[in-house]
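In the two complexes below, chain A is the common chain; its partner is chain B in one and chain C in the other.
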Partner chain A sequence: MSAATLGSRMGGQLVAPFRLFRGRPVALAGFLWLLFVAALAVLGAVITPFDPLEIDPVNRLLEPASPHWFGTDHFGRDTLSRVVVGARMALIIGLGTVVVALTLGTLIGVLSAWFTSLGHVLMRIVDVLMAFPALLLALVLMTLLERSVLNTIIVIGIVYTTTTARILYGMSLKLKNEVFVDAAICSGASTASLLFRHVLPNLASPLLVQASFIFAFAQLQAAALDFLGLGLPPEIPSWGNMLAESRTYITRASWLLLFPGAAIILTVFSMNLVGDALRDRIDPRFRDDIAGV
Partner chain B sequence: MLAYATKRLLTLIPTLLAASLLIFLFIHLIPGDPAAVLLGDTATPEEIAALTARMGLDQPIWKQYGLWLGNVLQGDLGTSLFFREPVLSVIAEGAETSILLASMTMLWIVLIGIPVGVLSASFHGSWIDSLSSGLSMFAASVPTFWLGLYFILVFAVGLGWLPSSGFPSIFDEGGLANLRYLLLPSLTLAAPNAALIIRLVRAAMLDVQREDHVRTARAKGLSPARVVWKHVFRNALIAVVAAFGFTFAALVSEAVVTETVFSLPGVGRLVVQSILRRDYPVIQGVILVIVLLYLIINLLVDLAYAWLDPRISLA
Partner chain C sequence: MPLLEVDRLSVAVQSDGLLQPVVREISFTLERGATLGIVGESGCGKSLTSLAIMGLLAGTPVRITGGHIRFDGRDLLALEARERRRLMGAAMAMIFQEPMTSLNPVYRVGDQIIEAIEQHRRCSRRESRERARELLQQVRIPDPAGKLDFYPHQLSGGMRQRVMIAIALASDPALLIADEPTTALDVTVQAQILDLLLELQRDHGMAILLISHDLGVIAETCNRVAVMYRGQIVERASSVALFAMPRHPYTLGLMRSVPNPDVDPDSNLVRDARNEPGRLDAIPGRVPAIDERVDGCAFHPRCSMAEPVCRRDDPAVHDRNGHESRCHFADTLS
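Showing the complex of A and B:
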C-alpha cells in the first residue's frame, strides 16, 4: 500500500503527498525512506551484492570494508545483503498486522457502536483483553502457536485489534449522532448501506492514520518477539532476528548491532513522522482519538 | 467519593473474573491432557492421576474453573515444573528486582519527562519545542532491547563504568550500592516511557493554556512563571496522572525485554524463561498476578483522577 495514494484523498480533497509534507522536511525525508524500504522489499535478493543466506566461515566477523560494506556476521554472511532482504519481512509484518488489526478492529468497533447490545458484549471482551499488557498478550499467544510469519502477524494483529476497536467504537458513536446519519435513515437507507456508504468513508482518513501507527508499533513488537526467541523462525533474515543472533558477538562486532538496528529505528521513526503529518490533516473531531506515539 | 470508589471496585470484579477465565483456559488450549501438560515430560501415570483428581479434570469445565479459582484465592497458584516450588514463591523471588527496577524507572520518567514537557510547552513553537518533540518521537522509535545492548556496549564494555548484567539483592553484601546494577536497565526502560510523558505533559499544558481561567490569571497581572506553575502545570498534571495506568502496561511489556537483555532475576525474565521452558504453571501464575496488578493500578489511577479533578462526575 502506498501512503501517498490513500493520503492524497485525505479529508475528501486531493492533497498531493508533497503538499502534505509542506513545511515538514523531516516528515518528507521519512516518507522517502519508507519508499526506499518498499523498493528494497520488492527488489530484495535481486540487488544484494551477496547471497544473504550464503555461509562463508573464512570471512566471518569481518569489519565493514570493501566488498562487505556493512561487515559480515558469525557465519560470514554479508550484513548489507541481509539488511536489504530484511526490508521485505518488515513490510510483510507491518502490512499484515495493519490488515488484521484494522479489519477486525473496524468490524468490532463499528458494529458495537451501531448495535448497542452486541456492543456491550464485544466491548467488554475488548476491555478484558486490554487488561493484558501488549507484549505479554503477544507472548502468551505465541506459546500456543508455532513460530511462523503468519502466526507472528496474527498475534501482533490481535494485540492491536483491541486498541483499534476501542478507538473506532468512540469515533463511530460520534458519527452516529450526526445529522447526515439521521438524514440517511429518514431517506430509508438500510443499515448496510448506511455503514458502507456513510459511516466507513468518514472513518477512512482516521483509519489511515491509525494504520501508520500500527505499522510502526508492529515493527517494534515483532523485533522484540524475535529477540526473545518467540517471533519469526530463526532462519528468516528479519532485522529482529539479525539483532537476536548478533547479541553474543556485539563486543567483537558492533556493526552487527548498528545496521539492522538503524534500519528498524529509521523505519519506525519515519512511519511515526508520516502518521503525525497525516493526523494533522484529518477531521478535527477525531484528532484526539488516535494516540500515536 | 466513597460511593464512587465502591462502584469502580465492583466494576473491576467482572473484568477480573473474565480475565481469570481466559488465563484458566490457557492451560486447556495447549494440546494434550492438562494434567500431563502441567506436570511435564517426567510425570508418572500415578502423578497424572493424582493431579487429575485434585484439579477435577474429570468434572465439567465450569467446576474445574471453580476449583482452580478457589485455589487461586487461597494463594495456591500451583507448582513450577522447573523449580519444583510453589509458583507464588517463584514469583516472589523475582519481585525485589522488578519492583526496584520499576521504581527507579518511574523516578527517571518523572525527572526527565515532566521538566522537559513543561519546557517544551512553555517555549511552544520554538526550537526547544521542536528539538524535544523530535527527540521524544525518536526515543519512542528505538527498540528497547537495542538501546539496552548499546548501553552495555558503551557504558559496561567500553567505559567499564557500570556492570552489564545481573543484580545481587540489596539485602546481600554490597547493600544499596547494588542498585548500580539497575542503573543501565532503568535508563533503558525509562527512555520510551519518558518520551511518552514528555508528549503528554506538553499536550496537556497547551490544552490548559487555552482555558479561560488561565487568561484570567494572566489578565489580572500574575507573572508568567506563576501562571505556568500555579494555573497551568497543576491542571496539566491531572492528565499525566491519568496516563500512569497506560505507562504501567508499557513498563511491564518493556521490562520483559529489558530484564532479558541485562539478565536480571526479575519477574519479566521469569515470563520469558518459563515460556521457553514450557513451565506452564509459572506462565499462568505470573500473567494472573500482572493482570491483577494492572487492574488495581488502573483503579487507583481512576480514583486519584477523580479526587484531583473535581469536575469529574462521580455518578
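Showing the complex of A and C:
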C-alpha cells in the first residue's frame, strides 16, 4: 500500500515548485536562496567585483566598506568575490556527493534486498561503516587520499552511502514482497527488468527526498573537512577553506568568519527546508517521523 | 495427458532450522479447459500450492520438499529457472487476491499490459498498443483506448482486477491460476468477474485453477473441487457430487457455515439436530498452528463425529466413483 501511495503520488507530479511551497513562506524563501546560490555558481567570476585570487597586501584586513563590501582577508583578497565564487564549489560538492551516495546506496540497498546472501555481506559492511561517526569516517578516508575536489566528493559520498543503502534496503525489501512484483514474475519478467522497471521507479520519490538531505549534510561535512585542513586544496576559495584561513584573525577581522559562515548556514538551512517541504509533499506520513538521514 | 498434474506435492516452511510441513502429499490433476476449485480456510496451504506451481517460492522460507508438478508432461520442478520463467506468462498466468497492489503504481495500465505482451512476442509499439486495447475490450472495460493511459489508482478494484486478467490473457495461456480473485471485491463486482472468467475460459479454452475460501464462488464456477484442510486434500469430487453429497465432515462444516435462506429442511445440510432453522453453524475450534502435532486424523479435534479411531489412525483415502474422502466414516456420512 505504501509503495502504492508513494508511487501514485509520484505519477502525476514533480510538482511546480511554487505549488510545493504553498503555505510555507519560509521554505519558499529557502528555495529562492538556493536559486540565488545556483545563479552565483553559474555566473561565478563574471559578476565578482574583484578577482577572488588577486593578492593586494596594501589593503589587507580591511573592514567591510566600499569598495570591499565584505572586507578583505589577510592577503588583501576581496571577501565578497571569494564568497560568490565559493558558491560554485558548494554546488559541485553537494551535487557530486548526491550522485555518489545515491548511486552506490541504491545499488547496495536494492541488490542486498534482492539477493539475500549478498545482502548479508553488504549490509554488515554498511553496519560497520555506520558505527563510525560520520566526520571521523570522512577524516580517516581523507587521510588516505590526496586533497582534491574529486576525493572530497568521493569520501563524503561514501559516508552518506551508508544511510542511503540502509533506507533503500528496507524499502526494497518491502517492494520485493509487493504483489505487483510477483505478478511481473508471473508474466515472465527477468530479474533485470524487475529491478529497473518495477523497483527503481517506485524508489524515485524517497530518493528525491534523500538527495535533498544529503546535499545539505554534504555542505556541513565539506566545510568541516576544509576547516580541519583535510578537504579541498587550500588554494580553492571554498566557504570551508575561507573559515579555516580566517580563524587566526577572528579577533581582528570577524567579518572573515561571518560571511562564508552565513553562506554555509543559509544554504544548509534552505536545503533542509526545501527537503522538508518535498518530503511532506511526497509522503505526508513522514511528516513528524524520521528526518530521513 | 492432463494439462497440470500435481503429484504428491509436499511443501514445508523453514523456521528456526526446522522444516514444518504445510502441504502434505497433495495430488490432483487439471484437464485442458476444465476448472478445478481448491477450497479451504486460511492457512490450509491452498495459496502455497498455487505459489509452488507458479514457482514464486524462491526467496521465501518455504521449500518444496517432495513430489512433482507436471505441466503439459514437463516436470516444472526439474526445469531450470530461466526455462521456467519463459514458460510462465507464456503458458501459465496468475491473478491475485489484491487488485489494489498487483499493479505497479508508477506505470499507466496500458504500459503494464504492453510489457506483458512484449515479454512474449516481438512486435511494434503500435501493434502491442492495439493488442492491449483489444485485451481491455475483452475484459469488458468501457472506453478501453482511453483507459490505457490511466494509472492504477485511477481505477476501481473491479477495474484493476479486469486489468490484471487482461495482463494474464496477454500471452493466451493454457492455464490460469486465480488465487482468491474476487475476495477483495464487492459482491456485485465479484459475480461480474467470475462471469468474465468463465466467458474468457469458453473463448480461449484455458484451464482455470481457482483458489478460494468461498464455497459459493467454487460452486458457481468449477467442474471439480478439492477441499483442503491442514495441508491435505480431505475431499475431492466433481462439484455436483460434492455439493449434493459431501463425504467429509469438514466439507459439511464449511457448507453449514454459509448462510442459506432457502435450505431444504430434508437435505443433508440441516439433518443435524443442533442446527436449528435460522441459525448459522460454525466449525468449533481453530486450525492448529503449523508446529502443533496432531495424531490421527488432522481434523479430529474439531470434528463432532470423532471416534477413538480418528485420534489414533490417519484415515486413508476412501474412493467411491471418483469421489474421494479422507475420513474413516466417509461411507457412513453419505
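Here is the rule we go by: the second predicted complex is superposed on the first by the 270 of 293 C-alpha atoms of A that agree within 3 Å, B and C clash if a C-alpha of one lies under 4 Å from a C-alpha of the other, contacts with A are read in each partner's own complex, and residues count from 1 in each chain.
Rule of thumb we're sticking to: a residue touches a chain if its C-beta (ideal position, glycine included) is under 8 Å from a C-beta of that chain, and two chains touch if they have at least 3 such contacts.
Just so you know, these numbers come straight off a predicted model, no measurement behind them.
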item	value
First (chain B), second (chain C), both or neither touched by A:Pro133	first
First, second, both or neither for A:Val26, with chain B first and chain C second	first
Contacts of A:Leu228 with chain B and chain C, given as first, second, both or neither	first
Dominant contact partner of chain A by residue count, chain C or chain B	B
Which of chain B and chain C A:Pro201 touches, first, second, both or neither	second
Which superposed partner A:Ser190 touches (first chain B, second chain C, both, neither)	second
Partner chain(s) touched by A:Ala277 [first = chain B, second = chain C, both, neither]	neither
Partner chain in contact with A:Ala101 - chain B first, chain C second, else both or neither	neither
First (chain B), second (chain C), both or neither touched by A:Gly261	first
Set of chain A residues, in rising order, touched by both chain B and chain C	none
Contact footprint of chain A on chain B as seen in their complex	14-16, 18-19, 22, 26, 29-30, 134, 137-138, 140-146, 149-150, 152-153, 157, 195-196, 199, 249-250, 252-254, 256-257, 260, 271-272, 275-276, 278, 283, 287, 290-291, 294-295
Touching residues on chain A, where the partner in the complex is chain B	26, 124-125, 127-128, 131-136, 139-140, 142-144, 216, 220, 223-224, 227-230, 240, 243, 247, 250-251, 254, 257, 261, 264-265, 268-269, 272-273, 276, 293
In the complex, chain A residues that touch chain C	1, 3-8, 10-12, 116, 176, 178-180, 182-190, 197-198, 201-202, 204
Complex contact set, residues of chain C against chain A	54-56, 59, 85-86, 88-90, 93-98, 100-107, 115-116, 119-120, 151-153, 164, 167-168, 170-171
